[in-house]
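Labels for the chains are A, B, C and D, by order of writing; each one numbers its residues from 1.
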Amino acid sequence: MTLTVSGIGMKFGGLEALRDITFGVDDGELVAVIGPNGAGKSTLINVICGNYAPTAGAIEFRHRRIDALPPHIMNPLGIVRTFQTIELFRELTVHENVMAGGVAGAKVGVAPSLFRWPSVSRSEKALTRMADEYLDLVGLDRRRDDPASVLSAGQQRLLIIARALASGADWLFLDEPGAGLNPVAKERLAEVIARLRDHGKTIVFVEHDMGFIGRIAERIIVIDRGRVIADDVPEKIRSDERVISAYLGVGSASTRGGRKTAAPSKRKETAPLLDIRDLTVRYGGITALQDTSLTLMPGELVAVVGANGAGKSTLLKAIMGEAPVASGKIFLDGQDATHWTPRQFVAAGLSMCPEGRQLFGSLSVIDNLKLGRYTQVGALERWLPWSPRAGHEGGDTDRLIEEVFDVFPLLRERRDQLAGTLSGGEGQVLAIGRALMNTPDLLVLDEPSLGVAPRMIAEIFERLTALRERGMTILLVEQNARAALEIADRGYVLDSGRVMVEGSAVELLESESMAEAYLGAFPVSGETGAARTGGTHA
Amino acid sequence: MKRWTGLIGALAIVVGGGAQAQDTIKIGSLFETSGFLAFLGNQGLEGANLAVEEINASGGIDGKKIDLVNFNTESDETKAVIGVKKLIERDKVVALIGAMNSGSTFSIIDIVQRAGIPIVSNGASRAISTPVNEKKWVFQAPLTDVLVINVLIDHFKEKGIGKIALNNADSGFATSGMKQWQRIAPERGIDIVIQQTYGNNDPDMTPQLTNIRAKSEVQAVVQWGTGKGQAIVAKNYRQLGIDKPLYYSHAASDPNLIKLAGDAANGIIFPTSKIAVVDELPDSDPQKKVTANFIEKFKAKYGRGPATFAGNGYDSMIMLADAIRRAGSTDPAKIRDAFEQTVDYPGVTSVYTYSAVDHYGAQPEGVALQIIEDGKIRLYK
Amino acid sequence: MKTPLALVCLLIVPFLGSDYLTNLLIVVMLHALPAIGVSLLMGYTGQISLGHAAFYGLGAYGAAAFSVHGGGDPWIGIALATFLVGVMSSYLGWVIFRLRGHYLAVATLGFGFIVNIAFVELRDWTGGPNGLPGIPPLDIPILDLSFHTDGTFFYVAWVAMILAVVMAQNLVNAPVGLVMRGIAESERAVSSLGNDVTSLKRKILVISAAVSAASGGLYAHYIGYISPQPFAIDFSIKLVVIIAIGGFRSIPGILFATLFVTVITEPLQELGYYDVVVYGLFLVVIIAYMPQGLLQGAYGLGRRMLSGARAPAGAGR
Amino acid sequence: MVDALQFLVSGLVIGSIYGLAGIGFTGIYNVTGVVNFAQGDKAMIGAMLAISLSQMGLPPIVAILLAVGLTGAVAVVIECFTVRPVGNDVWRGIIVTIGVGIVLRGIAVVVWGTEARGLPAFSGEEPIHFLGATVSPQSLWVMGITAVLAIGLALFFQLTFIGKAFRACAVNPFASRIVGIEIRTMSPIAFAISGVLGAIAGIIIAPITLMQYDTGLLIGLKGFVACIIGGFGNPMGALLGGLILGIAETFSAGYLSSGYKNAIAFVLLLGFLIFRPEGLFREIDSKLVKHER
């Protein structure tokens, strides 16, 4: 093995992002690293490429320990990476971006450059030629002299690959090279990666799009909760039980029971609380959401499921006024809320539990809860160090806090602890509690199971069921599709920015199309059906 | 390309446009009307303008009116260099006055020396005009630190004070004063027991004064500084309850000192020109008439009383005009020679006598010890 | 294309017979050097500096001390001072480039203050606040050249400026220049491509400091007298104003801006302190509303206004 | 011993001045992440306004309140026209506030000239003796008001909704938006508060330090150093940082060369920036210090 990763662990404060990661990669391999959101994939790349020094274990590359080396030393050894966030040199032209990639390798120093020694001109010529070659390779030769910032997202992704190649390293670590790309661009990307492979490059890439991975990867390493849970050829991975659980999640018996007894909602009688019509959202050139429609009746619990990058988070951003809506409408309780600010949504009774919890880490639990009430508090009360309405009926912050404590007793014990010191599950509970402080009509949760221990997931979902029974309308976005659908009334399956299927939760749970949205796009035709069946029956 | 040549062209036109009519005598001044010494420069310029008005009202010099062109040096040395070149070349001035800032003056000495234009500097550091053989074209009008230090030491001798403490700011003026004290005091048998420095912009000087207070053998404290710093020292001095007599430099004639320090200023003794105590002067004093006249006209023109620095600008201008009259020519070299022959000229700031070996002019008899009593400056007796 | 021609045209200035104009342009050219230095560091490499006056001052004091106290040849003094400032700034870079953003800005500011306080306090070497007079003018005895006058010193300043412009242009146009601009945008991308970012920043700082120091040395021998005041924090900020007006990443723009700032304050200073207000307003307006610099900002503004007349407002959104 | 005590007392007074200047930074920094380099100049403007208004014959307390209010308003104007267009660009934020400082100083010269001005001390000049050390009554005002403001501001951040919202913006802007806190409306409030704090600082120190157009610059810088020592964004930290700085200065002025006293501040500044950039009391701020390689 040219690269051996043995026993790597990475801790950030109390958080263990990676534990005991062990695998190896040989020259010329094309390896995909997959795993649900928050599994530790990017951290792994950061550790291998020298952006972080691991807290345990060792990495060897070409028989040399590299686990404490900074990135600029890695590169001459043959390792280069790209970033999820692209990190383009936006002020340079396309061609200059690629040239910039080769500067370190060309060893043109600062001092010779000042005097433009012949070596500088020589290397400049060489770099120009090399950059042209690589642009040709990734198919950007026609955009050579354009400013890099005007390229489409897909072209930018290709450009940073060309730039990485120009550094001369032959091991490429690509962090989500396909993120945000449309199918056509992804096709191009797949072609380019295949071409690089033919040129003898070794490629390790992190991806979410299973179809994409299935098409090009020769080997897949699956990471979940900081551990390698599978490492095999795509055919095997696709039917690996642990992988499927990691992606689709595991249903919890208790919530399943709860759902069955849940009273049917009164949705038929009233107008929808949330009504999204033909919503399209674009970031720059990327269409993140396309003509998506969704309705939510009062009292319903609706789940939106789909793989990473399907557009779930964008949908939620749009209903918090945080996404650039290109077309379509959002109605909240009959009002046109398409261009509202987050504050307007919150004031209108919508509460958001964002992905990754987004707590105020250096504030106490109780302060986090209080801030959940921010928009409902009068101007006077905001400026006073005590609540002037203490003891009054209704709208009283302290009473609401007690109510949240009743729902989540563990928060009461931790009331004065700083939110940043809570565990993942406790933090998620706090995020939900904070959202409840707004006494919302509509509670929106984004990936509440992410980074949460299974026992806590079960408890959180149980609480959500209880809230629904008390008449709260809930929109639940989940990667853990099974758990979500088990407590939901209805569900929507998103894929590549569109609603692929919608229906009652029971229907969806049985349906094959859901699994397809996650894993089904492995183009291993013929076997696909069997694989799917095997996948969905947990 | 266009903008460059355009700019150069525009500049050339500006430069070429300085054609002068011969019925005026152009004199350049380098007072700083902005920057950190603007409060000095503004007054100097006011005094100089008053003098010009007075001279022109009485018919000018041989029928020619004086045209004073000021260049604001912004208390900045690079600007002073630009300014002096502009005045000499574009405005074709025949003589220069000004720059209150010693630094600004230092930076232009070489230029006036080379150009052969006499300058009457208002900077107070004696190094400006010494050694005279290298500074042929440079004269000084203010009281120099050497002069007032000697006056103070005369006074100490009289009072039997032999041990003093010196507290000074870190400004150019104060540092120069400190150096002169350290040179002159031992020569004349005065022992500087302790010397302390404070920052010009410091908000509090009690640490320095506490150290001075600790030296019980000190008989008098000498404070050398300018601006608000010396007001803060006065306040801190009283606050610490130091009961030794407090002497200030000639910069204490700044009327703002009394305003800022209030009661704490009472009892400060300082040597300076007689402008503030003109009413108390005996009629025999040669400066009495000229000073009273100056104060009256200044008040009439500007609606408030003048400070020493205004008198300084005024003196420079009057003496320069006198030298031009005596030279009977606007030839800079002749003006220089005539200026060097100024003898016993009673000015507002001092009585001036210049010579080939003395370009700082001011004489000890122009200096009077004064004391602040009840918020007023009185002649010290 | 146009700028080189304009720079060559400058050579006729001393023949226009105006010491004033010559002198003004000497000051502009001497100030252009540290401005170019700041531009390399701040504009191209994205590392803020509020302390460049210190390098300029160290160059001036170093060169002056060498010839005044040591009686050495001024040229050697300038070279030595430049070299030592370069070495020192390399160590400084090792320390300060652990910081970024506000902290880097304030660290450079603090460095500038400390150096200026040293100029005031090291009286034996610097003359303290009263400055160091008697700095000899430059000459080349072998060729019987002396640069006592503005007309002759002009060419020294001109050559220095041309050298700085050419070297700066070489640097930013060389492949390394691409990486410099990369650092300003994404340090981690640059690092992953095999560049030692800290080392590169330090090298740019060394160049930037050295060019400032060289200019300071020339300034000292030109004026013949130095004091701490021209090397105070105000000058550091003036350099930032200059590169802001010049557009941060444009050597010709910075030459123009240096001229502009020096010339614009000339008529304004007659007004007393209004010049400072105007100067500050320039800075605020450019930074807040014209992030591309004054020239491009004004150009863009004009174009927007013109196109705004044609298209209804908001149509471009 | 008496000398040391006097140095300590003087250090506490000066330290309070620096701390007071420092806490003005914390409000703005907490919300917007902007370090306002014009903070010291706001103190100068506040003091100058108070002096002018009281010279116009207004009763002192009215003059002071009016000056404080006006300075707060000026701060809001500054926020709207300079800081807001810049957004969260650190680099331009620094330069734009430097520019604002230049403009404020320039305006001060145009309006008030370059001469120093003073306010009468609030309760006379009769020094108070304490174990051989003396303080002026105004120093007690400074220390008292500084302590009250620092504690008050700390309580404000701890106890009120709006104060918590300020901290929330600093900790997690995205989450702040999610709960309905708009930085757009918080930022002018923060500037107003810091303007008011600055003006109060300028007014109560004016009888001691006296005020002229450029006094704010150095005091603002020292306040900034106090913040670095105490940890940015923490009013109590700024106060303690100021006290440390003040005592360091007076002791070095008293026992070492007094000329280098000003260098002490900047040596402390560089030392803290390099060896303990998070200050004494605060968790490290990842935006400002390099973590990754």
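Everything below uses one rule, namely that a residue touches a chain if its C-beta (ideal position, glycine included) is under 8 Å from a C-beta of that chain, and two chains touch if they have at least 3 such contacts.
Since the model is a prediction, treat every value here as computed from it, not as a measurement.
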**Item:** Set of chains whose contacts include both subunit D and subunit C
**Value:** A, B
**Message:** Using Cα averages as centroids, what's the distance between subunit B and subunit C in whole Å?
**Reply:** 34
**Asked** Where the CA atoms of subunit A average out and where those of subunit D average out, how many Å apart are those spots?
**Response** 42
**Prompt:** Rounded to the nearest whole Å, what is the centre-to-centre distance of subunit A and subunit B, using the mean of the C-alpha atoms as each centre?
**Reply:** 73
**Message:** Please output the residue numbers of subunit B that touch at least 2 other chains, ranges allowed.
**Reply:** 34, 38, 170
**Item:** Multi-partner residues of subunit A (at least 2 other chains)
**Value:** 51, 70-71
**Prompt:** What parts of subunit C, by residue number, touch at least two of the other chains?
**Reply:** 120-121, 188, 191, 272-273, 275-276
**Asked** Which pairs of chains touch one another in this structure?
**Response** A-C, A-D, B-C, B-D, C-D
**Prompt:** In their complex, what parts of subunit C are in touch with subunit B?
**Reply:** 2-3, 5-6, 9-10, 13, 16, 18-21, 23-24, 27, 120-121, 123, 128-131, 133, 148-150, 219, 223-227, 229-230, 256, 259, 263, 269-270, 272-273, 275-276
**Asked** Any idea which subunit D residues touch subunit A in the complex?
**Response** 155-156, 159-162, 164-165, 167-168, 171-172, 174-182, 283, 292-293
**Prompt:** If you look only at subunit B, which of its residues touch subunit C in the complex?
**Reply:** 1-5, 7-8, 11-12, 15, 33-34, 38, 72, 74-79, 81-82, 85-86, 88-90, 102-103, 106-107, 109-110, 114, 125, 127, 170-172, 175-176
**Request:** Name, in rising order, each residue of subunit D that touches subunit C in their complex.
**Result:** 35, 81-82, 85-86, 90-92, 94-96, 98-107, 109-110, 114, 221, 224-225, 228, 257, 259-260, 262-263, 266-267, 269-270, 273-274, 277, 287-290, 292-293
**Message:** If we count contacts the way the header does, which residues on subunit B are in touch with subunit D in the complex?
**Reply:** 34, 36, 38-39, 42, 170, 196-199, 201-204, 206-208, 210-211, 214, 227-228, 231-232, 235, 238-241, 256, 259-260, 262-264
